[in-house]
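Okay, handing you the structure first.
Naming follows writing order (A, B, C and D), and every chain is counted from residue 1.
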Amino acid sequence: MTKRPTLAVMKFASCDGCQLTLLDAEDELLAVAEAVHISHFAEASSRLEPGPYDVALVEGSITTPEDRHRLLKLRAESKFLVTIGACATAGGVQALRNFADHQEFMRSVYARPDYIETLATSTPISSHVKVDFELRGCPIDKHQLLEVIASLVAGHRPRTSTESVCQPCKRRGTVCVVVARRVPCLGPVTQAGCGSICPAYDRGCYGCFGPSHQPNLPSMTQRLVSNGMDTADSALFLQSFNTYSPAFSHESQRLWQIAGRPQKLHPSLMTVEHSHSSQMEADHD
Amino acid sequence: MITTQDNPKIVANPWLSHSVVIDAIQQEIESVATYQMRFVDSHVAQGYRFQPGQFNMLYIPGCGESAISHSGPPSLDGNKIVHTIRFVGRVTDAIAKLRVGDRLGVRGPFGTAWPMDRCKGRDVIVVAGGIGLAPLRPALYSFMENRDDFGRVVLLYGSRSPELLLYAEELESWKERGIEIQVTVDRATESWQGAVGVVPLLLDRLAGLKPNFTEVVMCGPEVMMHYSALSAIKRNIPKESIWLSIERNMQCAVGLCGHCQLGPVFVCRQGPVFRYDAIENLLKVRDF
Amino acid sequence: MYYLDRIKLQEVFDDLSSREYELVGPRVEQEAIVYDQIERVEDLPKGWTDEQSPGQYRLKRRDDEALFGYVIGPHSWKKYMFPPLVNVLSSRRDADGWKMQDEPVEPKKFALIGARACELAAIAVQDRVFMSDAYVDPIYAKRREGLFIVAVNCTQAASTCFCTSMGTGPRCQSNFDLALTELPNGFVVEVGSPAGQDIVDRLGFRRASAAECQSAESCRQVAVTQITRKVETEGIRDKLLSRLEHPRWDNVAERCLSCANCTLVCPTCFCSSVDDVTDLTNDEVLRQRRWDSCFNFDFSHISGGPIRNQTRSRYRQWLTHKMASWIDQFGTSGCVGCGRCITWCPVGIDLTQEIAAICTDVDES
Amino acid sequence: MIDSNDAQRKIHVPILTRVEGEGSLLVKIDGNVVRDVQLAIYEPPRLFEAMLRGRPFDDVADFTARICGICPIAYQMTAVQALENAMGVSVSPEIRKLRRLMYCGEWIESHVLHMHLLHAPDFFSCDSGIELARRFPDEVKRGLRMKKFGNRLLEVLGGRAIHPVNLAVGGYYRLPRREELAALIPDFEWALQAAIETAKWVAQFPFPDFQVNYDYVALSHPDEYAIIDGRVICSDGMDIAIEDYEQHFVEEQVPHSTALQSHRIPGRRPYFVGPLARVNLSRHQLSPSAQRVADEIGWETPCHNPYKGIVARALEVIHAFEEGLEILRSYRPTGEARTKFEVCEGHGTSVTEAPRGLIYHRYHTGADGKIIFAKIVPPTSQNQAQIESDLHRMLPGILSSEDDKIALQCERLIRNYDPCISCSTHFLKLRIERS
């Protein structure tokens, strides 16, 4: 076998749950430590080695100028960068601020918001640097994480399914909660990966793996509404852990418009495409 | 034409792959290489036969399978399996990392073959685009090995640019063995002396064509095949004499998984080689 | 025709269990009637029925104690012969390289309790798909071989049923060992195979009286009269295949979520994919087959991207396959009229309406 | 990273490791005097309280779980209970039992993780649990296995171990089936013995001599080892109802940190929450095996050595497996998974014992069931002031050491508290400035 790849686990704004997923792989953890060289994983080890890294697993979203700089450095040091989880992939639940009055948000939590340097937005890693692979989920799924690690160890390009949550739901024999009980469920427009847990626990999927490929959100939300949810609540339903994913963000804004309470996206994000692409170019020089 | 449908029932695990070992690797052009492999189990090797146009499923455990056509002489058994592979994604990139002596899995052969019997005694126009020359090479070898059984054999071959011409050195020797060859490229380089333009143009201009004594066999991008078929028809070649090999997603290769459907046909079983009139209408439907 | 007293149904169950059949049948779970392991008559959905319409299913109480007084639910029997997830190959790497090994196909003997006419037809369709061409799916074949089928004739129908259009029901015609028609205190039993006859003889069923046969017939007739949904099957193949650019495909694509529920609940859909599951060092690999669906974006993927890159083309693939190209491929329709895809579509798309809209003559070809 | 020159010595520990979340520590030393100790939590603020306003009440458990991936149950449980209090919902005794069981799962998962992978390495100068596993393979593997069973319990009860999905206001979305829980019994039987062995193992660790008479604060319940309800008590005699929490504790913002710090009022006194506080206050209510092992290892009560928090954790792990086992054995699904209730306007609070200590939530719901106001006080913000005070106490004694040794000592001390920094809705780096 060739040299073990070096692995770094890095964190930005997040709850630590996605990196914990690695520590929660109790049966595989010691094997992972054999298969890869863990060179930076602050949550698990005091030995923090500098880059370059073969693989960086990145958790969390970018919410402070300092984090943005840390990320740029990490990208420069990493060959293959994988975002793990909804925060890194879509901005996380904290991206709700992108649609709100940030100053007011800060004031409601901190008496002296001026002590804290923070961006008014929470943006995914891909808004700042090139991302090589995304692992969805809030939190990510252990099996998917191990699959990605195994693929990278073997030198294969990782791959995860893009099917909808409904498919594992049906394969595990769960009775559809929408059809049998009129429970609101985002399964049909959400990417699979979690194992379709929620419907198996008698509740609707809340979309923590983010939008599926080509989701038909207008049809989905029309169904939510015809099944009794009001338009504003349907918008809120899409605005959780992947609120800033393009598909959910776009549809929730449309719904707020209909509900007569249009939300304002933070001005800096209006041009995000711009800064995004120029950023990627900068990184590739 | 042989289809697996004509065979007696096979109640064996269709997924069972056999170990092969790589004996030689020849880098052809950028991102394309030819592999020569042999079944590790000598019984399997001796019992293995294929027809030009048929394909194997190559398997890298832990990564996946890819459908790859035979590109070697059809006289060979399972001690010398030849595949020319373009590296385009997960599985083929993993194949690219293999070295002589490494092992992988192979199951096959699957699918229909080029109409070699029908070609006997007739002229044959071989139309190839890019990597599409690989699946046609076994047929070309057959023509050369049994040169007297066939009439005029013309190869019309196009690629995007001169560096991307597959089997460039071999082409010269084929000429010596009685194959007329015309080559065209989409984009010429300074040193390029040959034709520039798309393959169908070569067919439009081909001299001495005897429409009723000709079979056309083609493989390449679907658009290229579409226009080449139109050119052939314009030149009065009957649809029943036009053959093409097409690509679809394949998982099982034996008609059980559903992936390769093109309307009513299973490409793995009734194809990949089809007579043009059998799928003409299907290919015209966008996204079908 | 024989007659089986309701209290003696358990004897049939016990007899089958004693001959190593795993009994699977209807039971109430997750607010629906699903198919799962059963042991006793008490496990059956006594006194329950279902009410179905596009995108909606409700479990309801009956005013009697019927055991089979429901129509069909979200599950289909295909999960037993064509498991949702199954290992097909294992590979192991040693110093020499890879060794691939067959995954042993476990022989399974299932007794299906309560299969309906449309479901028997669906099993026949899958028999054709999996066992009648050059390559036979060994997993399906092994599990199919071991089946014992206790069918039940429908005595009511759901609003979503259209078996009469598809010529598959509601009366069970063949493909069963025993077929029951439920009466208030027992069942009129029809024998469909030597194995069925054997059990009748062994347990000493008595002959059914003419009156019993008569009331069974009138119960079955109720189902026939309740079926209102229709598909015009005359010429359907040509009609659909000549309307591949019909505007209705765009219209349905606006509603369809491409979620694949319809294909997974369908008792005849057979598409699958295989994937590898590995250990971390990639030395032990299991190849697994899972139910897949033509509604998946990746389903038709080739290196240049998916062939069917839009919901419009995926829905079209599904419907034309079911109703048209299936006929070319297997000599039968791929639809048996069970209506599951109508009920279990989260947005209530009804294929009978789509067919009607597409096949009524706006001939654009 | 160490920069020293004669005039001024600065020590940074840019990232405090083996804690969940990220933070840093700045120590300013003037000659031989410790001028300032600042535990800076620079976990980027995620503003949960603000995000919750205007959301349907059912979102709260799902959202607050995302504050911390290590102890999501603590957040979820406190949230649903506070909301139940706000809307006047009571849950059945069966549900309450299941909730204690679920919390046991989180204690196990979190404690065992901290003990084996984060804390124990300190006692053997290892960098990580993985390195420790080379030295103590059997012990670490045993720990991982116990942790797995804690997680498995969470998976059964919650669908997954991190951000589980099953807890609801009024109970659960779905009750587990009896077989699902019963299947865990053999594993828990093994784990109870394993936990006992583990406690005996950690009890022999080389503990530094460091004694502080803290104000221990924890929940207390008349009939059981308090986890999800009871009264808030302190070793100094304070005994208050949960509703009165905010009258006795105040959260303050400090310039150097994004986490708020809690103090007791009056007097701005720091206080100590977590396993050590709980065991000190309620040892007599630990499960029989936990009490027996405490006796066997000669555990003194109260114990004033924060380094021995790892032993308190070990005792609680025994308790959690033992109580868990009892519930697993007796469980029969009965009644509704979720009590029916009317959504209404109301104010409600709840306190529970997160693995690392007291956690407090307060909500105001509107008549439409939307959240009008939310307040969350996580354990780490409560211990933060105490940690700073400990450092003040420890530093003068070790000032003569090399800076990197000091840094190491400080980090060790902080790790005693198992600070979960992401949950201070909030990151640690150590910097020592000498002038």
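The criterion applied here is as follows: a contact is a pair of C-beta atoms (placed from the backbone, for glycine too) under 8 Å apart; a residue touches a chain by one contact, two chains touch by 3 or more.
Keep in mind that what you see is a predicted model, and the values were worked out from it rather than measured.
Going only through chains that touch each other, how many steps at minimum separate chain C from chain D?
When the steps are counted carefully, the minimum from chain C to chain D is 2.
Give the label of the chain whose average Cα location is farthest from that of chain A.
When every chain centre is compared against chain A, the largest gap points to B.
Have a look and report which chain pair racks up the highest count of C-beta pairs in contact.
A-D
Determine the centre-to-centre distance between chain B and chain D, using the mean Cα coordinates as centres, and give it in whole Å.
64
Go ahead and note the Å separation of the Cα centroids belonging to chain A and chain D.
26
Suppose each chain is reduced to the average of its Cα coordinates; what separation in Å results between chain A and chain B?
Chain centroid spacing, chain A to chain B, equals 43 Å.
Using mean CA coordinates as chain centres, what's the chain B-chain C distance in Å?
The answer is 39 Å.
Where in chain A do residues touch two or more of the other chains?
Correct list: 150, 154, 202.
In chain C, which residues are in touch with two or more of the other chains?
In chain C, the residues touching two or more other chains are 275, 278, 282, 292, 310.
Can you list every residue of chain B that touches 2 or more other chains, as numbers and ranges?
62-63, 89
Looking at the complex, which residues from chain C come into contact with chain A?
Residues of chain C touching chain A: 29-32, 34, 36, 55-59, 73-75, 79, 84-85, 253-261, 264-265, 275, 277-282, 290-293, 296-298, 310-311, 343-347.
Mind pulling up the chain C residues that touch chain B in the complex?
88-89, 91, 93, 96-100, 102-103, 105, 129-130, 133-138, 141, 241, 244-245, 270-276, 278, 282, 285, 287, 289, 292, 294, 299-303, 307-310, 312-313, 316-317, 320-321, 324-325, 328-329
Using the touch definition from the top, list the residues of chain A that touch chain B in their complex.
150-151, 154-157, 159
Can you check the complex and tell me which residues of chain A touch chain C?
Within the complex, chain A touches chain C at residues 1, 28, 31-32, 34-35, 146-147, 149-150, 153-154, 161-164, 166-167, 170-176, 178-182, 185, 187-189, 202, 213-216, 218-220, 222-223.
Which residues of chain B touch chain C in the complex?
4-19, 21, 40, 59, 61-65, 88-89, 102-105, 247-249, 251-252, 254-259, 261, 263-266, 269, 285-288
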